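Chain nomenclature is as follows: A, B, C, D, E and F, assigned in order of appearance, with residue numbering initiated at 1 for each chain independently.
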Amino acid sequence: MRVNDRKENQLRTITIETGYTKHPEGSVLITVGDTKVICNASIEDRVPPFMRGSGKGWITAEYSMLPRATEQRNIRESSKGKVSGRTMEIQRLIGRSLRAVVDLGKIGERTIWVDCDVIQADGGTRTASITGAFVAVVLAFGTLMERKVINRLPIKDYLVATSVGVLPNGKEVLDLQYEEDAKAQVDMNIVMTGNGQFVEIQGTGEEATFSYLQLQTMLDLASQGLQEIVALQKEALGELANHIEVNLLGENR
Amino acid sequence: MRVNDRKENQLRTITIETGYTKHPEGSVLITVGDTKVICNASIEDRVPPFMRGSGKGWITAEYSMLPRATEQRNIRESSKGKVSGRTMEIQRLIGRSLRAVVDLGKIGERTIWVDCDVIQADGGTRTASITGAFVAVVLAFGTLMERKVINRLPIKDYLVATSVGVLPNGKEVLDLQYEEDAKAQVDMNIVMTGNGQFVEIQGTGEEATFSYLQLQTMLDLASQGLQEIVALQKEALGELANHIEVNLLGENR
Amino acid sequence: MRVNDRKENQLRTITIETGYTKHPEGSVLITVGDTKVICNASIEDRVPPFMRGSGKGWITAEYSMLPRATEQRNIRESSKGKVSGRTMEIQRLIGRSLRAVVDLGKIGERTIWVDCDVIQADGGTRTASITGAFVAVVLAFGTLMERKVINRLPIKDYLVATSVGVLPNGKEVLDLQYEEDAKAQVDMNIVMTGNGQFVEIQGTGEEATFSYLQLQTMLDLASQGLQEIVALQKEALGELANHIEVNLLGENR
Amino acid sequence: MRVNDRKENQLRTITIETGYTKHPEGSVLITVGDTKVICNASIEDRVPPFMRGSGKGWITAEYSMLPRATEQRNIRESSKGKVSGRTMEIQRLIGRSLRAVVDLGKIGERTIWVDCDVIQADGGTRTASITGAFVAVVLAFGTLMERKVINRLPIKDYLVATSVGVLPNGKEVLDLQYEEDAKAQVDMNIVMTGNGQFVEIQGTGEEATFSYLQLQTMLDLASQGLQEIVALQKEALGELANHIEVNLLGENR
Amino acid sequence: MRVNDRKENQLRTITIETGYTKHPEGSVLITVGDTKVICNASIEDRVPPFMRGSGKGWITAEYSMLPRATEQRNIRESSKGKVSGRTMEIQRLIGRSLRAVVDLGKIGERTIWVDCDVIQADGGTRTASITGAFVAVVLAFGTLMERKVINRLPIKDYLVATSVGVLPNGKEVLDLQYEEDAKAQVDMNIVMTGNGQFVEIQGTGEEATFSYLQLQTMLDLASQGLQEIVALQKEALGELANHIEVNLLGENR
Amino acid sequence: MRVNDRKENQLRTITIETGYTKHPEGSVLITVGDTKVICNASIEDRVPPFMRGSGKGWITAEYSMLPRATEQRNIRESSKGKVSGRTMEIQRLIGRSLRAVVDLGKIGERTIWVDCDVIQADGGTRTASITGAFVAVVLAFGTLMERKVINRLPIKDYLVATSVGVLPNGKEVLDLQYEEDAKAQVDMNIVMTGNGQFVEIQGTGEEATFSYLQLQTMLDLASQGLQEIVALQKEALGELANHIEVNLLGENR
């Protein structure tokens, strides 16, 4: 049996609170079990130098944990004077994932800054960040629509993420919490769109390996879980979900 | 008249939520109007090299703002690779203030790490941090008492902080919110103990000066406001407030 | 048709030169088409602090490109004073992959430092680094055997890596060279063991997505290509390949 | 009794040597007892980016100590690669104080760089720096007047600074030297204008607190001492003091 | 006798391989005994800010060693986050030396970036770098001539470098390998032009000194050795050597 | 004619003031014309890790310029967060030179920290630093003798330095001041012992070269000038000069 009596294919309780802080164009607090992440999307009216004159926008993400988001206190990266490899990997992943579903050609030369700050960590912080960041970004575009800067949501599809893995007993499971994650043989993060296309697959065996069959089982678990998360995003987005629906219909016509 | 119809000597609404996150020995969310700060106190069972062998403990504080805690997004200090002068000033102030009321000789060779992370900023973040950090530190010592590591609260008195200032119209006011702070001629932060002793006074005229009389008026405003905040701390601390009371009686006997 | 008339499932020419420089315990020059990487393995007789007293060894990898390994000159990371996110990701990947096939419990408290320095880049530098680094690490253990420090190769299986991807025309292909990689919709790096287990899968759609079917086709291409690369590693390792064979027989008995 | 038989309200011997080095527009060596600081003011014909187009000037200060200015040698901040929190606090204080008495609107888009380098330290280096820096800045404006760049001194009033504190015996004293400062219960730095207005008050109890009465006594001591220092500045400035007098008369008319 | 039975005035075997990697405008692998350095010259169509508008070009050099180029592995400078004093000295020396023979006024506002990366070190890496870098730079200008960007080689003379020193037995020798260099009393690097003019002399006694007579002997040894190296450069440059010959005739007419 | 009517072989006026600041074990202010350098020698009772257990001492030097020591203000290296290549070269040169005349085997495991801080620069700051640093180091050893830590001066000979160069008119000259140095074709720094042995020769042609004959003339000029400087050091050292004399007699017996 899993911790907290969860079934192999069972997600933890997920909540998505919109409008969490007042300054950002889009602000979300996402909780996945005991993992809590503030996802803020900010809009800047220019792009980085390498994109100037392209007529296109850009999305960049930053990720951080409060020092005591974890069981043991971590040294603050600003104090160390450099960002760890793990942090860089995660923020590159978040940014790249979001760029797969945002139509950057439709937002003009603007940068969307996405800040994911982990308040409390219990496994799955990077996938919670992606799921929450998507909602924050849509909210930020909603703000741009209210301000009449754009008149359509530049969103091609929903974007959701979760983790799957193989426990020491050989069982494949969905949405690992920290206690499971720390002992897992295989750890895999999956980012998908609302209609089931892959955006990212990152599977890793730390001092272990996995078979093709195990891979398939994990992908199936992820696939099911991610549909549930899309439903929660729709609910959180309210009226804005209808705008995404319109875009999806357009794409599929 | 002040913003939001506040009177000169009127504090903003202050709330102190204890047990805000699960990992730290002491965790608090303090809100002062729209300013929101997470204050976490962590206990480490050793002291920095310069204190080893002294038999005494140490308190050190770190302060940070989420990039979009403010109206405009700030560059993350971990990305810049260095901590700003402003941040250093604030974290030195928080640590020094706490050391004035904690009996470091009673906690053994332990370090109390205090992390103040501003989620949303609307003026007064450093004083809110001090007020919240005091509660988090007391909670952390409460945890040490539960674990039978210490058997008395090593706290000499309450510690509270607020700002006072002079508005462009020449009026002295208590607890400036951002809109007031940005235009103030004089900005002063006062840290006091529960029985009205000063711990820190930092008064600054940016491109302006102030008279002895103005100083006195500001100190009076601060003095009154700080008594109200002590009452809120007592309420938040519940049972632990009684332990502080015992210490205070002991001191005054 | 692909660049240079390659077929979808055709690797570029790969060569592995052992004993490339004289100082390291294991030294390899690997070429994959026009990509050239020096892989050196160095042995240090101690482990990082977090592993001391564990009785186990550690493997860590560093990756770098000469500034003019690429078409445009890159600024040297030592001049910038920090290592890029891309570099960190790659060196974490190399180290993690090697740890999956090395029996760290059999090498005592030693660190294997693996340095992958790209002399010339034409796509696939990270996977060439892993393939070459494996050979360099086995050579370094061979040196330890000659020095009678260990008496068996602490190697569980071969380790090989390659890239697969989806070209703009929708075709899945094996082993992308730079010209293909720069335009690909999907880019996937696969690290496998000699007996076909996955060690790492990292698939990414930059501003694009991919289907389950495309994933399967790419995994098949990788699987075939990687068996060819194992054969080249065996040849390069000469006598040491027999020692690995012995270990594999032992594992499968 | 105090060290060196000083009375509570007695300053150490102060000298201000103008024209100390030949390159800066204004150069001063100030000695306060055994504390010696070189204060140089340099003029640059542009302002930092955040002030461009404002038509106003800017003043910024840097502070440093020679490694062996102190009893024990300190590591050079350039070797450590970062500036300490203490240094940042001091240089922000110096810059802010000077901006309170310089009429930045009258100097065009110019930056005044003030460098305070402590040659020998014996307590009170930051207040000596402010007192000396004021003279260096006036000299630099004198140079601008000679060069016919400006035709009036853009100085609103004198600027002086000193420290006061509470010794372990509970006595309030003026101008602490290092031996006193190291043991003081309370340390307070006061920056004032020539006509007795406050520019900065920074009072700190390190592991101690102070009462309202003690505060008043310290402010009185500072007030008297600062008038003596103004007299020394006047003497050092010679003819330029008359220009300040003219401005003061203008202000008070 | 010297290591490897070399005579006092005998160089190690030197080879210069041109066109070593494909991307740079000029690429060379130079070997001096067991010392191996890749020298790449890259051309950028602009100059650093301090030279803009001058109509002249610039040459800058960077030097690095692979971590395991040496007997003991060195920490990568990019990991340390800063470049060592030794590296800085060497790259300043290479750049300065090249600027003495390149006619910067004839190349327009272009920067020549010279990268010297030591693959294997056995003493004399900085002088091998200079000798190899000169060839790489001429090759790069050859590329500019092919591209019709310039129509003459902007080269005033050959540039060669070697080391001389005094062994513990008091003998002056040419071209020290590592084993000799590590024990030498005096270490001297000489950079000369093809016609025997000095460009740089850097002679150092580490915990030792040397006489005028020893200096003369060392200069003589260097002078002879350097002529041999010029011959090897001519051979490596092939047709381009004729262009240099033309320039030399022009200069001497 | 030279600037200030100096003859080719004429030094600027040199003064050496001992006991310049009170804290260091040895403290000197040296002036060479308008160049002014504070040289402080500090003694620490331990050596760097690489020398522990050797029974020998170590000397290390640091060099810095006040930002406005020069005509144009330089950015402080502590603000830039890194030390320039020029600074590193100079501090390595100073340390290496001093180690040539100090008998490190006679001082136990102690480190002599030498700080050379340029207060005012007018050419020749590095050679003035060496000349002054030698005196400061001898003074520091004098302090150790007074404290009965050592009973003999561990000094093998005097150490002096100066610059020579070739002016644009082709004339070789001694002791270049800034105005000459900035235009010189060749710039050479010579460090010698009291009895005329070379410690360091660093000759450089920036975009120029020099002949063997020019080298000889420059060495002669340096040789004469350095004897005059030795005489000034003797005078500054007073009684301590006799101790050096004793050592020199011992060496030459």
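FYI, contacts are C-beta pairs under 8 Å (C-beta built on N, C-alpha and C of every residue); 3 or more make two chains touch, one makes a residue touch a chain.
In UniProt terms, the chains line up like this: A, B, C, D, E, F = Ribonuclease PH.
Everything numeric here is computed off the predicted structure, so don't read it as measured data.
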Ask   = Taking a step as a move to a touching chain, how many steps at least join chain D (Ribonuclease PH) to chain F (Ribonuclease PH)?
value = 1
Query = What shortest step count links chain C (Ribonuclease PH) and chain D (Ribonuclease PH) in the network of chain contacts?
reply = 3
Message = Based only on mean CA positions, could you tell me how far chain A (Ribonuclease PH) sits from chain B (Ribonuclease PH) in angstrom?
response = 34
Message = Roughly how far is chain D (Ribonuclease PH) from chain E (Ribonuclease PH), centre to centre by C-alpha average, rounded to an integer in Å?
response = 52
Key: Where chain A (Ribonuclease PH) and chain C (Ribonuclease PH) are represented by their mean Cα positions, the distance between them in whole Å   = 29
Message = Where in chain E (Ribonuclease PH) do residues touch at least two different other chains?
response = 81-82
Inquiry  = Once the touching pairs are worked out, the chains link into a ring; list them from chain B (Ribonuclease PH), going toward chain D (Ribonuclease PH) first.
reply    = B, D, F, E, C, A
Chain D (Ribonuclease PH) residues touching chain F (Ribonuclease PH) - in the complex, by the definition given at the top = 21-24, 27, 34, 36, 38, 40, 42, 44, 62, 64, 66-71, 73, 76-83, 87, 113, 115, 117, 119-120
Ask   = Can you name the residues of chain A (Ribonuclease PH) that touch chain C (Ribonuclease PH) in the complex?
value = 82, 84-86, 88-89, 91-92, 96, 99-100, 104, 188, 193, 196-212, 215, 219
